[in-house]
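Below is the structure I would like to discuss, written out as structure tokens.
As written, the chain order gives the labels A, B, C and D, with residue 1 at the start of each chain.
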Amino acid sequence: MLKEYNPDFKATIKQGYAKQSFLALIGFELTEIELGHIEGRLVIEKKHQQQYGNLHGGLIATLADTVAGYAAFTAVPSGHGVVTGELKVSYFEPGYGEAVLAIGKVVRQGRKINFCEAELWAERGTDRVLIAKASATMITVQPQKTN
Amino acid sequence: MLKEYNPDFKATIKQGYAKQSFLALIGFELTEIELGHIEGRLVIEKKHQQQYGNLHGGLIATLADTVAGYAAFTAVPSGHGVVTGELKVSYFEPGYGEAVLAIGKVVRQGRKINFCEAELWAERGTDRVLIAKASATMITVQPQKTN
Amino acid sequence: MLKEYNPDFKATIKQGYAKQSFLALIGFELTEIELGHIEGRLVIEKKHQQQYGNLHGGLIATLADTVAGYAAFTAVPSGHGVVTGELKVSYFEPGYGEAVLAIGKVVRQGRKINFCEAELWAERGTDRVLIAKASATMITVQPQKTN
Amino acid sequence: MLKEYNPDFKATIKQGYAKQSFLALIGFELTEIELGHIEGRLVIEKKHQQQYGNLHGGLIATLADTVAGYAAFTAVPSGHGVVTGELKVSYFEPGYGEAVLAIGKVVRQGRKINFCEAELWAERGTDRVLIAKASATMITVQPQKTN
């Protein structure tokens, strides 16, 4: 259903990702890059936690923003970028476990406005628990106007 | 307009803040703690940036979540906590400058549901630029149920 | 995945629906009532439109709120109600066509907080176009506290 | 702080408003039209209510969308329109009283993306109660592309 405008999106994402200082700080890795679909994984460490020993809500928002934004990026023309217009994250369960799986997808691809969603799953032993869900407005921009 | 239920909220916040591993990782400091009103400041470093050299949207969401959540916390009864139900962040301008000032406040104090807002201002020389605004549903919880 | 607490939810919804003056005014009918899943349909008329001849965004929000709220209602204990805590609607396409199909579902059932989503589809000839998507925090309340 | 691009915005809004079938159906009147600031008032009637005798959440969303959208419209160039990208409404109190006052304002004016907020106040005798607050992304469009 999505139109592919940029055949090189995988390589472009991998190059750009290496420059993401904040994602390096937290240690988030992309594990799947497909048209309109991004997955990533974070091994949970003490540094990701708030005072109760669960993942900080801002960390969860960071993963959601990242996979939703990259999902949008796979679907914009070559040479264009995306910036987050707005992001809403709903929190369902405390964020604990061995790791978090973040899945981002494009629900509606537009010329300027892309609507994306993200799911955050905590891996607890053999279980996966949906701990948060997000929706975002991702705005297509020219390279020189990128956020 | 807000009712103060916990006269010790300042001390409680300062104690809890020391256990916030994620906030220590990013280096965010609270600078003002009043009933229904929280301010904090982040000196911008390379580690906070995305690939274009601006603040990562997730970092901005983290500051918004933190000041909104603590603003709610000042207004709940002693022994209670707050967890984020949902957070929406709208991004206006690229996040660059010397520092970010985050301001959180309670707009509506409820028994279980508190509505809070946050503003994020970039300090650029003598200017302050509103780079993002957020709204959040903060849920009052018993200590043992905290997120 | 959802737990059924109230075996009479269908009858209760049908009775309550008859008292929804605003929904009678706009002419929205429920067509399917299942646990955690509600569908309804609105035949588009001139009275539903804004100045450009498309559905008013508020009308679309009304349908989203209604099906999301009733989806939550199917999943709360007997004698309880739900009120909308917050609702976010994202608009994708102009709202025109013969009718609008509204689908609401429960994504996360909680004791107090239920996270629901809604989709709005315009029927245009044999096509269905996703014109909007919504997410909502639906709060379980005791009958006497209902909104 | 806002730039005025269209000196005729008042006249244009008044003309366009007359074609808003849905707003005529519900009986909402604009009472103030200033640059970046719109107010309107709805006298509460039975037809606006849900099953508990309070304003339907969708009706409240309609007022929020309308004043936020018109606030954005006052701040776009002549010949341009605005469509709602997304709207989030947070509900604080049951909607009852004699009337509802809706106030919309532009928080951030952009070339394409305008961030607006709305407040909904119930008039109850001599009291005014904040019953809901909303934020919205309003997108500037060329006339032929209007929603």
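Structure notes:
Rule of thumb we're sticking to: a residue touches a chain if its C-beta (ideal position, glycine included) is under 8 Å from a C-beta of that chain, and two chains touch if they have at least 3 such contacts.
If you're wondering where the values come from, they're calculated on a predicted model, not measured in any experiment.
The chain with its Cα centroid farthest from the Cα centroid of chain D is A. Here B-C and C-D were compared by C-beta pairs in contact; the pair with more is C-D. Where the sister copies chain A and chain B meet, the same residue numbers recur on both sides for over half of the interface positions.
Rounded to a whole number, the gap between the C-alpha centres of chain B and chain C is 32 angstrom.
Distance from the chain C centre to the chain D centre is 22 Å, each centre being the mean of its Cα atoms. Shared contact sites, meaning residues of chain D that touch two or more other chains, fall at 85-86, 88, 90, 137.
Against chain C, in their complex, chain A makes its touches with residues 88, 90, 92, 107-108, 110, 115, 130, 133, 135, 137. Of all residues in chain C, only 85-86, 88, 112-113, 137, 139 touch chain B in the complex they form. Note for the complex: chain A touches chain B at residues 16-17, 19-26, 46-52, 54-59, 61-66, 69, 81, 83-91, 94-95, 146-147.
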